[in-house]
Each structure stands twice: as C-alpha cells, then as structure tokens.
Amino acid sequence: MPEAFPGDADTTVAELRRNMAAFVEERQWRHFHSPKNISMALAVEAAELLEHFQWMDSEESRHIDADAEKLAAVAEEIADVVGYSFAIANELGIDLSQTIRAKMVKNAQKYPAEQFQGRHELGQDGKPVG
Amino acid sequence: MPEAFPGDADTTVAELRRNMAAFVEERQWRHFHSPKNISMALAVEAAELLEHFQWMDSEESRHIDADAEKLAAVAEEIADVVGYSFAIANELGIDLSQTIRAKMVKNAQKYPAEQFQGRHELGQDGKPVG
Amino acid sequence: MPEAFPGDADTTVAELRRNMAAFVEERQWRHFHSPKNISMALAVEAAELLEHFQWMDSEESRHIDADAEKLAAVAEEIADVVGYSFAIANELGIDLSQTIRAKMVKNAQKYPAEQFQGRHELGQDGKPVG
Amino acid sequence: MPEAFPGDADTTVAELRRNMAAFVEERQWRHFHSPKNISMALAVEAAELLEHFQWMDSEESRHIDADAEKLAAVAEEIADVVGYSFAIANELGIDLSQTIRAKMVKNAQKYPAEQFQGRHELGQDGKPVG
C-alpha cells in the first residue's frame, strides 16, 4: 500500500469525489458516464472482486492478507467499485454520507441489535435464524 | 435526502467505516463477514443498482432525478454498495483513500488526458477510439 | 462459429449437461463445484458479458454482429454463462427445461400479452407503462 | 418441480429458444431487448441466484435440496439466467450448442485433464495448484 497518500482518517468523501470528477472531466468522459453505463461498469468491477474469491473457502478468504500481492489486487478492485460509486453519485448529485447514515438508521430499526445477535434472518415463527 | 446528517464535505472515509464496523459488531455479524461472503453481498447490491436502469435508455438514466422517489431508491443502492465496500475493507485492513489515490495515478498513466479526449479505448493502430 | 458441431436444433439440453458433467468429473473438480461457488463463477461470466456492452449505446449493441471477432467473444461469454447454469443444475439435480417451461407459464400470467403490448411495468394506476 | 412439462432429455435448445422468442414477440418487447439491456437483465438474475448463497457456507449450499421451497426458488433463478441467455442469443443469431461445444474443446486444451486433477490454476512454477 502506498504510504505517500493521505489515508481514510484524513480524507473526506467529498475530496475523493472531486478527484474522480476531475479525472472524468479532464478526459471529456462525461458523455460515457450516464448512470446506466456507470452502473454496468460498477457491476463489472464488483464481479472482478468476486472472482478473487470464487473457488476459495470462506475461511481462506479471511487470510488473503498473508499474500501481499493478492491483497493489493483485491484492494484495487474495491477501489474501483468505490470509484464508480462516486462517479454515479457525482452524475446524480447524491450525497453519499447522508444516504449511508440514513440507511444505517433504517437498517438498525430493521435489524434490532438485541434481536439479531449472530443472526441475519427471521424464521417462519418471526424469530431470527442463522 | 435527510438534511440532518453530516454530508460528504464533513465526513471522512474513516468515520463511515467505523459506523459500519460498529453496526456489524453490535449484531455479532463478523462470522458472516468473510471477504468471500461480503464480495457476494456487494455484487448483489451492485445488481440491484443495475436493475433500476436495465430497460432504460442511457439518456433517460441521466434524468432520474426528476423522480424523487426513484432517485432516493437509487441512492440507497449506491449506499449499500459503498457500505459493503467499507465492510470488506474493514475485514482486510485496507486503506481505501490511499488505494483509490494510487489507482488514480496508475489510471492517469494508462489513460493520458491529452490522448484520451472523449475516448475510452485504443484502436488497432494504437490510437484511441470511442 | 464452428460449423462442425451439432447445433441448437439437434442438441438436447441433457446432452450439453452431460458434456459439462463429464468435463468436471474428468478433472475431479466437483469439490470446487458447490452451488455457492458456481453461483459466483456464473456471476463473473455474466459480468464479462456485461463488460462488452458497458460503454456502448443500446442501439449500437444490436449491431455487433458486424464485427465477427466481437460477436465471437460475446458468444463465448454467453456460452460460459449457460455452461455454469448447467453445472449448478447438475449439482442440484434440477431439470432446466421443466423449470423454464413452468416459469414461462407463470410469466405469461404475470404479464398478459394483451395488457403488456410494448410495456414492461404497471403504473401507479395499475395500468402498464413503458 | 412440475412433472407435466417435457424434461431436459426430450427438449432441444432450439425449442426453448423458440418459446422465449414467442414470449417476447407476443408482448412486442423486442424494442427493450437490445443485447446491452438483456446483458443487464441477465446479470440481475445471476445476482438473485448469488443472493440465495451469500451468507451460506459452501458445504451448506450443497444441501439446499433438503428444503423443497428453497430449491424451487433457486431453480427459478437459474431458469431466468438461462432464459435471458436464450434471449440475447436470439437477438444476436448465435448458435449456443455449437459455441458451448467449441468452448469445451478450447477449455479441454487449456486445462488438460491429467494435469489439472483436482486443481484449477497453475502456480508460479507452471504446475497446477488448488
């Protein structure tokens, strides 16, 4: 990982979004960047991330940081996904931090912590199951 | 869009990542959150974003902000994609801001602005084409 | 396109499924082929198909057969998607022809032909819209 | 699974493709069915398949046939993926059986059975690894 660049603790979402907007602007790529097209590019990057893990055990996927090259490749795919997320948010004028925070409040109501300890779904009796 | 929450200009990537980590921790969901599983959940959300645009013209997709409900639904899908991007970065200890900035330097070298004006690809003669 | 192989008119779904099963068996790959893993591989191939069309206009995508190399590449991605569909059906013992036919009956009820002429969705008034 | 419909052993690929073509034609949906749009719809269905397995262990995914309802839901997602594969092949005039057979010959050369016993990838020394 390059140490030279400012990290997540010192970077606002708006800064990264501006970087992405400038990159697109400098190449006059906005005519490619319809939300429809970006949603496709984003899905492609999401699948490239998926590809790293497709034949791997779930447990094995927790330990890929043992392989620096693999970890760097995976990190780049995540960066691409986030990059296109910023690109589509730029085109549509969406504030991501507000949306994410609002969604988390919604999710916290949907999945009350005390009820969903270690569980993701409700069973047929209305109680959460694994 | 809820105005009550701090926006992208006032939010570091690290803050949003901590919110996501806390959400997962409070529900003891880390045993679900192998990188393999999260990559699948992320791809599912990317496809839900895709779904909004699947039968729409490219041009039409630029104007969905005319429909506030549609825009809010799309914004939530993007938020979900970014949320899972944070979740997988959390599990793997990846600094996203550094990775995104490094990737942009790499992309700027791959796509020199003067050469790729309004073009995405190189033709068979080595010159960029639309 | 290779002319030497039997085509769709002379090939049952079962034959293609057996070919795929033999391929997997000969390499002892069934331990990789959990339905979870195959669903990931299938999504990766679906995204490779998507990638061919991501920056292209909808109309332009109708004419890629003008470029034989492009068409062959796209055809291979579709073949990969169908191949993994057969692989997962093999693992789970699903009859695809029966399922597809049953689904079409269901879809014909969901989208009555006379009501959905040229339209995909129902509007808020319950009438189909573009 | 409905027993009334002919199964994979008695169904050619061409028959299922014709059923799909008729369904689209009867609703005048071809103007929606650009290859670009269908590739998106296909990716959405692939992700709905993925969704069933996202929080499940690889091993657990092998035993979903114990739950008839779950199996039927998964079968429908696979049917949807194959259905859209037929739809895009219809639009582009691709013979799927020929393409799949040609691809298998290619894959058999890429992954010689004797060399790839139980292995998917070549290691840095050129020998296959798990």
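Per-chain numbering from 1; labels A, B, C and D assigned in written order.
Going forward, a residue touches a chain if its C-beta (ideal position, glycine included) is under 8 Å from a C-beta of that chain, and two chains touch if they have at least 3 such contacts.
By chain, UniProt protein names: A, B, C, D = MazG nucleotide pyrophosphohydrolase domain protein.
Quick caveat: nothing in here was measured; it's all calculated off a predicted structure.
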More contacts between chains, B-C or A-B: A-B
Classification of the chain C:chain D interface as same or different, half of numbers criterion: same
Where chain B and chain C are represented by their mean Cα positions, the distance between them in whole Å: 27
Rounded Å distance, chain A centre to chain B centre (Cα mean): 5
Residues of chain D whose C-beta touches two or more other chains: 32, 37, 40, 43, 46-47, 50, 53, 55, 57-58, 120
Contacting residues of chain D [partner chain C, same complex]: 1-3, 5-14, 16-17, 19-20, 23, 26-29, 31-32, 34-37, 39-40, 42-43, 46-47, 49-50, 52-53, 56-62, 64-65, 71, 74-76, 78-83, 85, 88-89, 91-104, 107-108, 111, 113, 116-120
Chain D-facing residues of chain B, complex: 32, 37, 40-41, 43-44, 46-48, 50-51, 53-55
Of all residues in chain D, those that touch chain A in their complex: 40, 43, 55, 57-58, 120
